[in-house]
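Naming follows writing order (A, B, C and D), and every chain is counted from residue 1.
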Amino acid sequence: MRPVPRSLSSSRMEAFSDGVFSIAATLLVLDITLHPSGTPLEQVLHAWPAYLGYAISFLTIGAAWLAHGAMTDRLTRADMLLLRINLLLLLVIAFLPFPTRLIADALHDTAGERVFVTLYGLTLLTIRLLLFALDAYARREGLYSHDKADEELQTERRELWPVMSGYVIAIVIGLALPTVAVVLYFALAVFLVVPFREARGLLSKRS
Amino acid sequence: MRPVPRSLSSSRMEAFSDGVFSIAATLLVLDITLHPSGTPLEQVLHAWPAYLGYAISFLTIGAAWLAHGAMTDRLTRADMLLLRINLLLLLVIAFLPFPTRLIADALHDTAGERVFVTLYGLTLLTIRLLLFALDAYARREGLYSHDKADEELQTERRELWPVMSGYVIAIVIGLALPTVAVVLYFALAVFLVVPFREARGLLSKRS
Amino acid sequence: MRPVPRSLSSSRMEAFSDGVFSIAATLLVLDITLHPSGTPLEQVLHAWPAYLGYAISFLTIGAAWLAHGAMTDRLTRADMLLLRINLLLLLVIAFLPFPTRLIADALHDTAGERVFVTLYGLTLLTIRLLLFALDAYARREGLYSHDKADEELQTERRELWPVMSGYVIAIVIGLALPTVAVVLYFALAVFLVVPFREARGLLSKRS
Amino acid sequence: MRPVPRSLSSSRMEAFSDGVFSIAATLLVLDITLHPSGTPLEQVLHAWPAYLGYAISFLTIGAAWLAHGAMTDRLTRADMLLLRINLLLLLVIAFLPFPTRLIADALHDTAGERVFVTLYGLTLLTIRLLLFALDAYARREGLYSHDKADEELQTERRELWPVMSGYVIAIVIGLALPTVAVVLYFALAVFLVVPFREARGLLSKRS
């Protein structure tokens, strides 16, 4: 019967967060549409910006969910401010389908590419910033349990500055070369999701 | 083996409620669209009423979820009537994306602003009223456990009358000045979400 | 360590079911649209068939969730066939937003009213039939625990034949008088959700 | 206190997965629309390709969820790579509503049928391949507990090669006869969901 002052059970926070993460990820599909002209095969193939946007946003939300899961997994409790930072994070996660829709259109039209790609990049950066804020707050307030080592969380922290810098660089590049920026966002999403160390460890274990 | 007469497990009520809260909040993004005319940058910037509506409704749902969570967290059981009041609350929560879509359009067109903003305000007020009914019923029927102090719930109750009055005043003002009413709804949503006392306590703890 | 032959944990079944119930209920809002002509106030008021369809379908899903919850709450395990009957039920629940959209349009246009209202009624009836099949199968296979009395489930069973008859009568009436049928569907949804005995008990307890 | 190195709790993986499964299944309804011409009854009846696509995709997602549930039910933990394979599976599950929408249109228009039906078949095949990868990885890394027999999982594995072959054959047939391929996809979905052995066992038990 450990005292839990001023806290909602963190399981409730997980349920609501998992809901928003999974819904935002799944709603992305509604904005995939065929390219309006050409043969059926061309309509499917020329819709590649929509698939790319879908993949980047899905993987980014997936990566955010992995990081979020690694945090909440170690939380012993959630205080009132943590719940609010979390709510802000979810507000931005749930917003992501909107700029995703814009870049799918932008890569078709080139008009407006810069503006839409920049908005997209800023949204992705804000997600990482709020994940960082959540982690930093939980650590400062001692909300984490100390009896679990968590490699996922350590990987997140080790990758924080490279990832942040990557987003800032991609956003700046996107002002001149929007398509390059989108490719960088894809690379960052893959980097965030693929556990290179783990994969390497697994490969070397086999050899 | 405490007897639980006439009750569903309250965990099932939480799961369904968390589902509706998170889906309603996430569906809001589907109604964010670019302003139809202007340069790409203008299209993005002039869509501000859609962003504002998104933020107000997301924060209002978030605040309702926090209050709801504080209640269900203390429930020892859920009786048949509580489940029905809860269902009515969820019906209104799930309805919120509709008036949100209307005010995003209304702030563009000015025609119909009053009607749409009033409908929006009435929906927001109804959410608070049903949250109040849920809490009042649970208290009267003795469904809460008594062994947990809950600051979140006490804050909710302390803020009940100021918040209710705020909504009524905003609705009345909206009949003449709809844009002012929308700003007030935003202020109320922020007020409901930001835990001022907690934040102040945190700041003074540091100094 | 009670043996659980051929079963998924029933908690997983609850999670997926709660997901489908809450999403289907919340998606209904996407089909609420303003009436296309008239002053803003008329546009809002003349959209009443959309609100009515939303309320009927939301309450019907809510009532199905209450009945489903009362069943799964008592399940000790879920066998392979139960999971399949449940999947079929969810297929129909998730389908409900489609005929709901149709009746909202139908009540406006009168053309096609009969067809759409009949499709809607058949969907509602199928939901009740599948809920009945789920309950009957679980009872026959001995999947329920016997140590809990459940008034919710007993109320469901007592109301089975009146409710089924109600739907069949409403469907038949709808072939001639579609609007009357819709009103009956609303009455049935309210009847399913409102626990009259409980409410009466509560009132008499007060007096 | 069994050591759980490098793992998120697998319950969190279940929650996110159940979310994506149930949302993807429920979003399918948004793409059901009436056939644009004819009497109301014809509009409803001629929309059969949309109903068929809905049924195939819903049952395919349902079958994937059953297989996924049988796996995660036996997981003692989820390591970093398992979470990533799972994320890839969910990416394809959440993508399914897009090709479903295409085949509903394709069966109407015949133009483009081949391309769209092939894309649909490839998506269905990829889901089975990723489910297989998830199971194979979990087995190889010893993530399953060994104290539970699971008939569901054994049925899945026994059916793996027939099902895979079925999809490959249907995809090849679809290049020439797209409508036949869609019928095969429906047959495969029904085959995956209906537990023939179980049903036969049940029938023989009665006789």
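Keep this in mind: a contact is a pair of C-beta atoms (placed from the backbone, for glycine too) under 8 Å apart; a residue touches a chain by one contact, two chains touch by 3 or more.
Not measured: the values here are computed from a predicted model.
Colleague: Kindly list the shared contact partners of subunit A and subunit D, in label order.
Modeller: Chains in contact with subunit A as well as subunit D: not a single one.
Colleague: Take the average of all CA coordinates in subunit C, do the same for subunit D, and state the distance between these two points in whole angstrom.
Modeller: 26
Colleague: At what distance in angstrom does the C-alpha mean of subunit D lie from that of subunit B?
Modeller: Once rounded, the distance between the two centres reads 36 Å.
Colleague: If I count partner chains per residue in subunit A, which residues reach a count of at least 2?
Modeller: Correct list: 15, 19, 23, 27, 30.
Colleague: Among line, ring, star, complete and other, which one matches the pattern of chain touches?
Modeller: Chain contacts: single closed ring, each chain with exactly two partners.
Colleague: Please give the residue numbers of subunit A that touch subunit D in the complex, ascending.
Modeller: Against subunit D, subunit A makes touches at 14-15, 18-19, 21-23, 25-30, 32, 34, 39-41, 43-44, 54-55, 58-59, 62, 65-66, 69-70, 72-73, 148-149, 151-152, 193-195, 198-199, 202.
Colleague: Sort out for me which residues of subunit D touch subunit A in the complex.
Modeller: 4-6, 8-9, 12, 15-16, 19-20, 23-24, 27, 30, 79-81, 83-84, 87, 90-91, 94-98, 102, 111-112, 114-116, 119
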